[in-house]
Amino acid sequence: MTDPSTKRSERRAKNRLEAFSDGVFAIAITLLVLEIAVPDVDGTKLLSELLHERQTFLAYFVAFMTIGAVWIEHSALVDALDHIDATFMRLNLILLLFVGILPYPTGLMAEYRYDVQGERVAVVFFGVVLLMQTVMLFVLARHAEREGLFGTDVVDERLEESRVRYQLAPSLIMYAVATVLGLVLPYVGLILFLLIAVYLAIPLHTVRRLLRRSA
Amino acid sequence: MTDPSTKRSERRAKNRLEAFSDGVFAIAITLLVLEIAVPDVDGTKLLSELLHERQTFLAYFVAFMTIGAVWIEHSALVDALDHIDATFMRLNLILLLFVGILPYPTGLMAEYRYDVQGERVAVVFFGVVLLMQTVMLFVLARHAEREGLFGTDVVDERLEESRVRYQLAPSLIMYAVATVLGLVLPYVGLILFLLIAVYLAIPLHTVRRLLRRSA
Amino acid sequence: MTDPSTKRSERRAKNRLEAFSDGVFAIAITLLVLEIAVPDVDGTKLLSELLHERQTFLAYFVAFMTIGAVWIEHSALVDALDHIDATFMRLNLILLLFVGILPYPTGLMAEYRYDVQGERVAVVFFGVVLLMQTVMLFVLARHAEREGLFGTDVVDERLEESRVRYQLAPSLIMYAVATVLGLVLPYVGLILFLLIAVYLAIPLHTVRRLLRRSA
Amino acid sequence: MTDPSTKRSERRAKNRLEAFSDGVFAIAITLLVLEIAVPDVDGTKLLSELLHERQTFLAYFVAFMTIGAVWIEHSALVDALDHIDATFMRLNLILLLFVGILPYPTGLMAEYRYDVQGERVAVVFFGVVLLMQTVMLFVLARHAEREGLFGTDVVDERLEESRVRYQLAPSLIMYAVATVLGLVLPYVGLILFLLIAVYLAIPLHTVRRLLRRSA
């Protein structure tokens, strides 16, 4: 199971998993733009129409930053691995399924932006997909820890694993809260998704350093 | 034909073939989401509409898992190769043609989900495309064996090749059976495609180990 | 200009040019499927409708094989290079522009399949785009030769370059002939594009060997 | 922070950032073609209709060359780096957001080509997106300089950085001017965007050498 030839093969598998995953993340994030419909109004009304559609652009922004944040988490996780096994490849596929479907609830949010009942369904759908993405990242990290897939150049495996878990646990809770809130107040749910994406995307220590500099 | 410079070039060709194939697989799998139409109903009916469209989501899931499973098989096959030749590149292109067209029958299945006559045509179309993908994987494996493209770090070439053949033969037979059944009972065919995708995607030995653990 | 650091940088540039080009080729080839419209007919008529639309599938097949063949030529050309320069990157961008636009005339051919006047325009548009792709491959090969970009592990640079030119010249002439013919007889032009794609995609020496074996 | 294991990890992160960015650039540039609508006219009028739509093709060309030019700048910048940090990854995501959204204003320009009021809004939208792309490239270059991310094989870091800044500053000013002009004369703005893209895409020293040769 762990002879050198198998190990080499599992490392090459890791490279192709990265290439394939990067592809799916990059395509899903770029396809989002197709969900913003080009308005069909008189030219004199185009500007007000675009300003009116700001919720569509907000949904685009939230979805873009979320896929970006999940990609960064995925990058960090896979990078810390020494090699991958067959189960990791399959679990990764389930994660990509929830990444690939995100343009759909984004389209729903854009379509039902003026309809609070529809928006409620769209926001909860969006939230459940985000929740499942985070759950799958968690499952991947746990599987990697159990099967000893983390590399030895990670100084302390246990430490690395708990770091991943520590980072994912708050987003899991936040997405659950935002989804439940979105069930009652769809717009508040959307704003919360935005805040989570910004929280995940902005490296806190950089902000702290910038604040210190300007002080 | 086999001087070092040619060999090096054929290994680089293998890398680009992987990159191009990964790209096509990743795009085809992510384009599937565009085949799920955003419903245009009153917001109060959106949830029931989405639940009603569960067959569309099922078709998406089946197509996603199938492309994923074929990608995993393709990965394993190409990884076992030492280098590729011009014919392998062309045969691979035919495989990618059947991968790239899959969103079309997936769209047909979504469009004709309420129309058993149309669903029949859609399911058979879908099945024939899956069958052709498996046939092409088979043809690629056979060509690689004949031309001695398998690497020497594969301990026993013959063994590796027969492993690939062993894995592909059951899916070939299963896809043929599911397609013929889909001709009579389209919905049963779709469920069979799902089962095959799950069978291909779930690594059996992991399941066995999990069962043993929980026992 | 040719100090080691610059050379290393130009080789890295070659790798990113390959990755970016492979991406554009893979996306263009996979987007083609979106040009085949899902028919909106009664389920009982779906099969006859699909058979009726065979020209659409033919256009898809021709476009797919053509992009595939150009990708193979592009692969072989870039692989033979040792490094690239700034001009090569820009010329490559023009080639990719003609690759990326191919889904458009493919969509035109599908849309105007029953209208001989429209088909004429579509086929000529398609032919001019193919012609420009081949011209740009030619220009890239010529630029690489002039600027000494070919690698030293290519045993004879001049030989390699003339091989590329030898392979491209017939397709240039064939595309020109097919485009002019398509102006008069659109369907004949389409069939010719198919034959050229098959000619480019099938490695002749393999066919010859297979014929010899079966004899 | 700078122990060898962290450095290795940050170099691998650079590779995945390149792969992901190349993916987004390649997809955005190839999706542009979907914004050109296939005309639905009588076949006899198709040619005149296509010639009539030349502004749509111009918008496609401008958008394609612009994304291509930004990709080339991005390539050169990232190539000069030794490693990347967490902030660079996030800032890069913001750049990709403005790359990924470009098909939308391109679609606006195509849709409102006959409506000077709408065209005005579309051209300014397009210009602001281009401006933001250049601003983000600037921010990335500045961040890389401040944090010492540039490689040591870049002979003079300070020189390299100022070269990047020198190249970006004119395009920043040009995009600002073109956007303001587009507010008054939309068509002039579009032509200016074209000229900037051509200026960025054509390597000036090659042109100079060609002129000298023909002289």
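Letters A, B, C and D mark the chains in the order given here, with residues in each chain numbered from 1 onward.
Here is the rule we use: a contact is a pair of C-beta atoms (placed from the backbone, for glycine too) under 8 Å apart; a residue touches a chain by one contact, two chains touch by 3 or more.
This one's a predicted model, so the numbers in the text were calculated from it and none came from an experiment.
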Angle (degrees, nearest 5) of the CA superposition of subunit A onto subunit D: 90
Same-residue or different-residue interface between subunit A and subunit B, half as cut-off: different
Between subunit B and subunit A, distance of the C-alpha-averaged centres to the nearest whole Å: 25
Inter-centroid spacing, subunit C versus subunit A (mean Cα positions, whole Å): 36
Sites on subunit D at which at least two other chains make contact: 19, 23, 27, 31, 34
In the complex, subunit D residues that touch subunit A: 5, 8-9, 12-13, 16, 19-20, 23-24, 27-28, 31, 34, 86-87, 89-90, 93, 96-97, 100-101, 103-104, 107-108, 111-112, 115-122, 125
For the subunit C and subunit B complex, residues of the former touching the latter: 18-19, 22-23, 25-27, 29-34, 36, 38, 40, 42-44, 46-47, 50, 60-61, 64-65, 68, 71-72, 75, 79-80, 153-155, 201-203, 205-206
